[in-house]
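Some structures to go through are shown next.
Look at the two complexes coming up: subunit A is in both, with subunit B in one and subunit C in the other.
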Partner chain A sequence: MTSGSESGTKPGRGLIGLLLVIVPVALFAWMTVWPILSGITRALSPEQPDGTRALSISNFAEFFSDPYSLANLGVTLWTCLVTLGLLLVICVPLALYLRFAQGKLATYVQTMAMFPMFVPSIILAFAFIRVLGPNGSVDLLLNAVGLPKIRSPYLTPWGPVIGLVWDNIPLTVLILVSGLGSVTNYAIEAARDVGARPLALFWYIILPRMWTSVAVVVSFTMLGLFSAFTLPYVLGPASPEMMGPFMQRTFGDLRDPDMALTQATVTMLFCVAFGLFYVRAVARNRGK
Partner chain B sequence: MSKLTIAEVSKAFSTTRAVDSFSLEVADGELVCLLGPSGSGKSTLLRMIGGFETPTSGEIRIDGEDVTRLPPERRPTGMVFQSHALWTHMNVFNNIAFGLKLRRLPAVEIRQKVEKVLDLVGLAGYGKRHVTQLSGGQQQRVALARSLVLEPKILLLDEPFASLDQHLRERLREEVRDIQQRLGITTLFVTHGQDEALALADRIVVMRDGKTEQADRPEMVYREPATPFVAGFIGSMNLVSGQVADGVFTHSAFRLQVSASPGSALLAVRPEALDIAPANAGQGMAAIHRVTDFGINAVVDLSLPDGTRLKANVPDARAWQVGQPVDLVPRAFALYRDDKILLRS
Partner chain C sequence: MHRRHFILSVAGSAVGMVVLPKLAFAEAGRIDWYTSSDTNILDFWTNIVKPKFEAANPGVTLNLVDAGDSAGQDAIAQRALAAMQTKTDPQADYFETADPMSPKGALEAGLYVNLKDSLSNWSKVNPLAIETDFAVPYRGSQVLLAYDTTKLAAADVPKTWADLVTWIKANPGQFIYNRPDKGGSGGNFVRRAIHEANGRDPKAFTLDNFSPEFAEKALAPAWEILKDLAPSLFDNGAYTSGNTQSIQLLGQSAVTMIPAWSDQALQAISTGVLPETTGLVQLTDLAFSGGFSRGVVLSNGVNKEAAVKLADFVLTEEIQSAILTDLGGFPGVSWDYISKELYEKFKDVVPSSIPTFPGGDWGSAISDGWYRNVAPTVDRNA
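Then we have the complex of A and B:
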């Protein structure tokens, strides 16, 4: 005979579980939920001339009526979308190669694809400047063979794009290769057996199986790019600028914490949208 | 007419020769089983016929057309894989219809063909089910239907029932045989199960180290194995190595009169062809080690004085006791020398 304590839940188990999760949950509430709520509350209650605070959307009205803020939001969205597009164009073929290729070359390619993970952003930024910046290595080489200088992407919107693409390649490749792990060789062979050529194979067999990974890449990358600071700050233009440096400058240089919080809240709303996209993608995958 | 010709086909992986100068002709509508232990090259051969491996040398022809270098998508073959290899993001209908859609057939024709083949494999009405909702046997039927719907000239089955339980395997192999005979489709079936090969095949090709050991009708492979390997691989077999001298084969106390030239030889006797009798005098040729009663018959394990073990089938277990000395009387046997048949009785 099986005792209740053996077959069912032991008394006190729920309490132990609760104790185990209470520390991270409390930390999450203290360090994430509380600052968010506090920030949103403050952004929605601007300081009045008499020094008190009252509920108002005037900060948001100011943000969305300010051409410079909108340009910054625009350049951030542009950078995110272009970076994401380039990442997918570069990383999907790379992941397909790594999934299906065999031999030493694939191992070398994988090592190279992971390499940017171990390079800190600030070093990457300075390497970028030394190579692609004005009078950088490329210019010197071109000059040596009598060719004109390149139009450097440094301090243009393309600067952060190039840096962020490089920086995000490892994570993107890892997620996509992991997704491709669910595509078995037998599934590929069965499709070829019934007549599927490479394009049909990719479209009808491989892509549906890696769709969740692509959704995860989209959400993770967008979340990461919205919060990017170092590369846009060092490599990007001074005006318009991405939301990361913009918030920092509003808070530190302009000493306007309310507006910085408003900018952060707007940024967070975009991130929440991509977060929900991620949650939906994962939930759909689990439901299958 | 769909005839398959494999001529001197070899496949080498770095230093290993998986298939070695293999030749075979499969007639129209014939079902040939490739039988052999793991690593004998049977799956590699099947994959070469399907186009998933390229032969190092040799030629594969289907109805006279050389398909040796053609990719799988351009071959008139259909393959059923051991792991089903169904596309789990599609339902049953779409799994089967995928090949037809690639051929851009009209939707009505696709529907008709899919429904017909679903009916053929006993899955009528299952089209809308998701493949993950099906049992292993049903999934394998879908895989079979997916191949059959394209009406391939050659059907290739790579251990399709290996992941199924014994009962389901027996039922499915009967169904596959029925379907194959009804459609008259030329079929190659890879298996390492001898019972599966004996039950299904018009012809069995026993493979070893990438070569043919014997290619013959199932009853011939069982009753007249060409080599000691085939003798040992198909069914239960007593294999005893000994010496022939003065017309007598000798191993330990076991002696048998044979009409063979002197020298070393390997004796092969099936348990059902080995009679035992109470020893006339003394120790006898062997002693009974164990008697296992299966009801309809019994298996007697015998021990020769040097420890060699043999098996004999007897109709009734009650007549035999452990330790009892017995003489051995083979009713039918074969004698091999240098891997070749020397004598069959």
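Then we have the complex of A and C:
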């Protein structure tokens, strides 16, 4: 790498680099690494009857033998996967359209796609109840043309899914569009010249260049979805509940910080997997 | 080192210092006050308590902060407890409503001021409302049933628990209550079921008689009552996640009846969130539990003395009358300390007694038990 050879000749460079990164690294260590370590330590050393703490996996054994906790973990994974699937189905065509379309309509579509980014999720949640909730706007419109009411997704597992999909469209589209930036018009034209059909064009030219951004979307949205709180809290069913509200309830309402930390550790393990997936995707891209 | 390098690195660290979180300190003479209650309470403090208190105490100001929900306020309390251990500034003096049992260990560590010993007005407090010496009950509210009179005539409204159960089962999908930990209207509906299962005696439950065994024995039959109701509730057993959402469903005419806080229901009707045709009724065999909101003062706050004055101030007749007239709540002091005219005006609306249910460990046991026993039995496809 060029910077490495330069630092060999100019000894000041390395120091500047270190000074520049020391603040973020220190903040990261203080506000992220330290709480994680202290949390995991606490979860792994449950309080004994005599008040001391000893190393034991009993908290985790309790979590994984409790059908209620497992159901909550299950519904969290289900919500994340379904939301992610729907997001890709909606956003890949949208990103392709925004990459290749030109003119006024594309501008409007882009504005619409970015709009959810500026709506706080609590507002979204109450608007959802007004629109898709029982006797909401959709029901009123259907009723006006003589159609039956919808089966409202409010307070079912589909409530948070719909809310989260809407909320995550902007980020997903942005990442995918930026990934599509690496597909040059020349490559498309060249492929068209040799007679490639749209499907072949997508499969052989566009998709190979999109993989990294799809991988980034998968890891980013999964991390965001795992920590979702407001939408599952307001729109989801009472049971099973997603890990976000469940952890908060265990910590604040049941006053059981150790169990909340155990739930957080389990949740974090899943997030670490997606984090590693992200790092690998980015590293592979850098290596090219 | 090169001069240019030196300047660059100094500039780099200077930028770093600027972006570090700003340190804030509490101000002397400015009471940092937090609430986890709904907006109507914050409005009441902003428009009524704050100006009156500041006029009565020159040099002292009130900094009213909305902590969002109880989790938000808990975080402030956790911070204050941590600040106590490190002997630093908690930047908090007063909580509008708090349970001194939370966070765990705070009461033992001396985080909250003993208000019984500190307040000159403590003797005025309604004895029924006192739960602990560390929190001052200053306003009360009661849960009642709010219903749509266009669908259910006032004459046919259930007046006892047994009638209510019969009505819910005869009208499936027309009743909903919120999860007991997410708001008091559903929480006290669940507590009414617990009273029903235990001989309708509110005195059977106290802060001190909690034990896991007793809780198990007392709560199990209540879960059976509530599980039995579940299939007849809205959407075959859905539960909203807050008082406001229940009111919204009644307002959208999606259900016919909900349990609701008296003050919130009255305000919703006056602002048009609920239609004029909304009726309110209380059960006659045993009323739904009410709750008193209890303020606490933090012992390590910079403005502890001023905050104690504030706790005393909210018990004055001026504020207690305003709670009746402006807030639609019940006073925290005994009726002897409320003006005769007000008493005459409100005596029909305000019940002579409000059953209460203790908090502390009972709250956790009820919430955990409900989530594990009642909530999951929903067969949504039924």
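Convention: the second predicted complex is superposed on the first by the 269 of 288 C-alpha atoms of A that agree within 3 Å, B and C clash if a C-alpha of one lies under 4 Å from a C-alpha of the other, contacts with A are read in each partner's own complex, and residues count from 1 in each chain.
Here is the rule we go by: contacts are C-beta pairs under 8 Å (C-beta built on N, C-alpha and C of every residue); 3 or more make two chains touch, one makes a residue touch a chain.
Every value quoted in this text rests on a predicted model; they were computed, and no experiment measured them.
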Quiz item: In this superposed model, does subunit C or subunit B come into contact with more residues of subunit A?
Solution: C
Practice problem: Tell me which partner A:N143 touches in the superposition: subunit B (first), subunit C (second), both or neither. | Solution: neither
Quiz item: In the superposed arrangement, does A:G133 touch subunit B (first), subunit C (second), both or neither?
Solution: second
Exercise. With the two complexes superposed on chain A, say which partner A:Y68 touches: subunit B (first), subunit C (second), both, or neither.
Key: second
Exercise. For A:T32, decide between first (touching subunit B), second (touching subunit C), both and neither.
Key: neither
Quiz item: Of the partners subunit B and subunit C, which touch A:T41 in the superposed model: first, second, both, neither?
Solution: neither
Exercise. Return first, second, both or neither, reflecting whether A:T107 touches subunit B, subunit C, both chains, or no partner chain.
Key: neither
Practice problem: Considering only touches as defined above, state whether A:V23 meets subunit B (first), subunit C (second), both or neither. | Solution: second
Practice problem: Can you check the complex and tell me which residues of subunit B touch subunit A? | Solution: 50-52, 71-73, 77-79, 81, 83-89, 98-99, 102-103, 132, 143, 146-147, 150
Self-check item: Contact footprint of subunit C on subunit A as seen in their complex
Solution: 12-13, 15-16, 19-20, 22-23, 27, 68, 71, 126, 129-130, 133-136, 152, 154-156, 233-234, 236-241, 248-249, 252-257
Quiz item: In their complex, what parts of subunit C are in touch with subunit A?
Solution: 1-2, 5, 8-9, 12-13, 16-17, 19-20, 70-71, 74, 102-104, 179, 181, 234-235, 238-242, 245, 248-249, 252-254, 363-364, 367-368, 371-372, 375-376, 378, 380
Quiz prompt | Touch list for subunit A against partner subunit B, complex | solution = 184, 186-187, 189-197, 200, 204-205, 208-209, 288
